[in-house]
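Please find the structures below.
You will see two complexes here that share chain A, one where it goes with chain B and one where it goes with chain C.
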Partner chain A sequence: MKRTPPQSFNTVPMKERLTLPRQAMPEQDATARAGNFLEVNLGLTAEQAVLEAQRCIECKSPTCMDGCPVNIKIPDFIQLICKEDFLAAAEKIKEDSSLPAVCGRVCPQEVQCEQTCVVGKRFRPVAIGNLERFVADYAMQHGNGASTGPEKPQPSGQKVAIVGSGPAGLAAASDLIKEGHEVTVYEALHEYGGVLVYGIPEFRLPKAILRQEVANLEALGVKFIKNFIIGRTMTLQELFAEEGFDSVFLGLGAGLPRFMNIAGENLNGVYSANEFLTRSNLMRGYDFPEWDTPLHRAKHAIIVGGGNTAMDAVRTAKRLGAEEASIVYRRSEEEMPARNEEIHHAKEEGVNFMNLVNPIEFIGDEEGNVIAAKCLRMELGEPDESGRRRPVPMPGSEFTIEADVVVIAVGNGSNPLIAQTTPEIQVNKWGNIVADEDGRTSMEGVFAGGDIVTGGATVILAMGAGRKAAAAINEYLKEKVGS
Partner chain B sequence: MSLKEKIQSMNMDQIMEMCIEQEQQAIDLYSMARDQAKDAASRQKFQELVDMETAHKVSLRNFELERYIELPPADLKVTDYLMEPLLSSNLNTQEILIIAAKREDKTARMYQDLADHFANDKDLNTFFQMMADEELRHKHDLEAEYEREYLQEG
Partner chain C sequence: MYKILKAEFIAPNVKSFLIEAPHIARKRQAGQFIILRVHEKGERIPITIADSNASEGWINIIVQGLGKTSIHLNTLEAGDHLQDLVGPLGQPTHIENWGTLVCISGGVGTAESLPIAAAGKAAGNRVISIIGARNKDLLIAEAQMAEVVDEVRISTDDGSAGRHGLVTDVLQDLIDEGVTPDMIVAIGPLPMMAAVANQTREMNIPTMVSLNAIMVDGTGMCGACRATVGGKTVFVCVDGPEFDGHQVNFQELGMRQRMYKKQEAESHQCFLEKQMKKVKAEQLVEEGA
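Take a look at the complex of A and B:
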């Protein structure tokens, strides 16, 4: 269907738009921020946001929306920024995304909407992510919090349980409450947000932002229950039989840490990234002695991996006071899956990068504390299926690095509890729930989406899956009433 | 006594018997693991391994030369430095892949030793070299899967 272009409020002549420089995101000074947990990016000013929005050339056939997994109406909200109607711009985003302040911070826009921005073919693309963040923050500060959205719907009389309060669960809850269903979100931990709260550090995503998003959903009528572990506190079957839910959405995430299976991984001071970041982020281990969560302060922390989680862990170790904090990565920087921005920020903060290096053993002292990592140097061979050149060990290249904290950040798997307690739910050989494109699982009335289906992916993809499943749940519930 | 030394004192029947026994041990091991596995996904993975080893056994019985014609891909060495998990009913796919890759590596070495032993017998040398290559190809496939799924480096 052909899209009606939004009304233009851009006062800059078309020819001049491409001469406007991309507005730089104001940041905390690198030296100062390496010693604190405050947010690194400070957000565009209103003046910067308007200037950045004016760089949009209002394409007749915009491709930016194609790059967004939830199809946010990017041209529309950009024009509302040009009009300086920031609250209306925020509402426009909210039509398609329930967590704009989060996505504006953590989405990899450079490989999504900004990659498909037409301006980006010859110049730097319009900073869509920074604009999204600006209007979401503006709305939080100046709006009424909860999305105004449509009128409160008539209650449907049907109950939906959302298991997991990460991005997939929150997105599904947001859509389902607007359909009049009674929605309850169950969370295993003692704070809501899933990976957004235990995985992403304060300096990248302040918890206050997330609490505000959860408060918005509560204001819309979503009920939240924490400290609830599906398969332990209650089984999936019991949610239907005892709690009377008509449908359940599983957005459990991929929170099971993976290890390397090399010697010495059980030494004291060797953490999974999951544990290390949870101790710091969720349990506020960085705020010692105000909070008494133990977390090693390292002389030399090494973090094994090259993704965003590895960058979060190494920058956390640095902020915790490590004299030296290093990334140890088996490929080269070119193959790193982490966002360029995160690599750039880590370097600015003094993180070392030991690329083409792979640990093969961790060495401990007589008390069982890690003191070093034995490593091999790697060289790049032929590309693998992901297109990245495959690292191959260099014979005889063994060497040792001193390290008193090691964090393993090589990926996460899915929680096995559902597979173990609910035989009706089909899982694949990696333990991910098998679901169709609308999130339907092998169990009647149960839908799933996000990392528990796809394996570790991005926040926005999880949100997109949550929204798709919510639409399917809505249809399922309508059919259930009609039958 | 090393395998190379052991081979010296064996006749052809004994050698083939040893090879079939090696493949049968793998079939038994993976069958047991399949039957003990608690989830369907692990059972499926073990069944794939049983099928693979059964095909090897058939090749040995039939002395098939034409089955394997491709050269093995490069050894990725992904699992060479990993610790081998103990067999149990709670193994996950990651542990299964490590056990299987290490086993393929060990069997490839056995066939390579046999190929070297029969360096002067073209048919036998070719046959055992192909069996060694086949095991290395399986090691490569298992390690590529391991790398794809368990070294995402997130």
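Take a look at the complex of A and C:
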């Protein structure tokens, strides 16, 4: 597809641009923040944002856009920042992304847009994620979050149900409402946002930001219904037959925690990452007893796993007052799936990393509370099917570490609720819903996307899948009218 | 918000609520539960649905005031609202014509076993109900039970009603009298269910129990409610709540139920202090007026 390059507003001569330093994200002091749940990254200032935007060298073929799962018009919004028209920059992002304030915070830009940024080949790439976050926050603070775009669409008279209010569902809802469809989002929990509200901690993504994004969608006309479980409160079939929906999008998320199946895993104080984070984030266990939901505050917390969820859990344990909060990971830091920024932040906050270690048993006291973990040291062998070197136990390396809270963060299976109650929906051997490129499932009019299709992935990939499915739903609905 | 249509104490510290919930009422089957939050800072707790009426759009839950949330809940009256309510959750009870079905229940478990007893009867079983309580005042739902089953037998710990003893003693009596249960459903406090399961294991009588575990989301997402059944980890919320009583690791489940004992006491204390402050403030206002 041919694109017209945006008008340039960058006043810095091309040669000087590459000498500008990448603007550092202002952060809360590491010692202070390890004791609170306030956001770690404070956001660029307007001056910093303009300076950072001026580092863009305005490539003829902007490869940064190829790195973005939703193809945000990155060069265009960057030029609008150079012009200091931050609201217009926000509008530009919103043409392609429904949750910029969220994605500016949680996207792994270093392996997406910033990885394909041409400046990054020789220097540090333009901080596209930080810029996205800056303009999204600016627009929110200046009351322009709920912009409806150029004009209100003509009502199509067709109804779409979105099941799940996580990133996939919100992105799909955002696109479908703009096409004039009547959109209703169903959520099982008592707050909207899915993993964004139960999984990602306040210190990475403040709830207020998420609520604002949801409010923006409500202002566009999206209807939200909470405490409603499709598959239980109402079946998928009934959404069509009784509620008169023309199409349904399933963005259920992964949502079935995996355990290690080792001895002592059901001891008190052993949590899935989902439970630990849900108690802290959604239920605000960190404010117990002001809030009712309890959560064990550890002296020695160990978190098993090396992904972003593990980092979220270990940093949460630290903030809950753990003297020692450790990551226990069976491979080495190089293989860790977590973002570099998360690992870096965790280290700054005093998190201990025990790499090439794997627990084989948890030990409890007579009341059933976990007190220790028996572990083995590992070494890396030949690459496995994931391409990473396989961790192999070292004989005779068994040792025991103290642990009064253990969090298992080794991934999620897929939630069985829809599959249990909807035989028409085909699932694969892992329980993931089978869907084609555009999200079409085996049931007429039903589309799916996000973790329920791919297994555990990222927020932006789920959003991308939600948007693809929304486009396919739109086509499907047009054909339905035509026929 | 979910409106409370009716609220009344049916025994000391045990309250029955009718709650407006048309969607849940329409779908609910025997053995399923809901999750609720009392207020905006509240925890999510699971409660078995005792009864429902699809045409009138309500569900009935029976709540024993045990911890902060249930005690707070029991201060609510008709016209008040619950913050959140979701369901129906869990697998419905599997009912068939086994022959002779014995429903054993204790505490609020009696209200919860009523729909199962009724469904069992409707399926053609001869149904005998054994109800246990600490004393006569704590017996609930025995009259309703009598209406749906063939026979009700009662035991109390202090002998103030029915047989002086435990539900297991009554079950032994039945068997000694020549009754041969084909199926037993036990619903009540964990020690009661464990005792029944132990007794019937030796007699090789199939025994189903309804487990109450600590939950958060109730849809399989968090795994808080895991229990060991037949040596395997299950999630009570999506795999249950009913399981083969002979396979359940009751000791582990008991320990898991006590996981937050200390925090629960703290939360309860905190609630009582707030209530006291409220009462004192009201008194001051009254005195002022």
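By definition in this document, the second predicted complex is superposed on the first by the 481 of 483 C-alpha atoms of A that agree within 3 Å, B and C clash if a C-alpha of one lies under 4 Å from a C-alpha of the other, contacts with A are read in each partner's own complex, and residues count from 1 in each chain.
Criterion: a contact is a pair of C-beta atoms (placed from the backbone, for glycine too) under 8 Å apart; a residue touches a chain by one contact, two chains touch by 3 or more.
For clarity, every value in this text was computed on a predicted model and none was experimentally measured.
For the composite obtained by overlaying on chain A, chain B and chain C can both be accommodated side by side without a clash. With both structures placed on the common chain, the touch criterion links A:Pro416 to chain B and to chain C. For the superposed model, the angle subtended at the Cα centre of chain A by chain B and chain C works out to 70 degrees in steps of 10.
When the shared chain is aligned, no partner comes close enough to touch A:Pro206: not chain B, not chain C. Once the two complexes are overlaid on the shared chain, A:Pro5 sits clear of chain B and of chain C alike. In the overlay built on the shared chain, the residue A:Gly306 is in contact with chain B alone; chain C does not reach it. In the overlay built on the shared chain, the residue A:Arg279 is in contact with chain C alone; chain B does not reach it.
In the superposed model, A:Gly180 lies in contact with neither chain B nor chain C. Following the chain A superposition, chain B and chain C show a smallest Cα-Cα distance of 5 angstrom.
Shared contact residues of chain A with chain B and chain C: 261, 416. Partner chain C is touched in their complex by these residues of chain A: 188-190, 198, 226-229, 232-234, 253, 255-257, 259, 261, 265-266, 268-269, 271-272, 274-275, 278-279, 283-284, 287-294, 367-369, 415-417.
On the chain C side of its complex with chain A, the touching residues are 23-24, 27, 37, 41-44, 68-69, 83-89, 216-217, 219-224, 226-228, 233, 238, 252, 255-256, 258-260, 263-264, 266-267, 270.
Every residue of chain B that touches chain A in the complex is listed here, in rising order: 38-42, 44-45, 74, 76-77, 80-83, 85, 92-95, 98, 144, 147-154. On chain A, the positions that touch chain B within their shared complex are 258, 260-263, 273, 305-310, 329-331, 336-337, 360-361, 376, 381-382, 384-386, 390, 392-393, 409-413, 416, 419-420, 426-431, 455-456.
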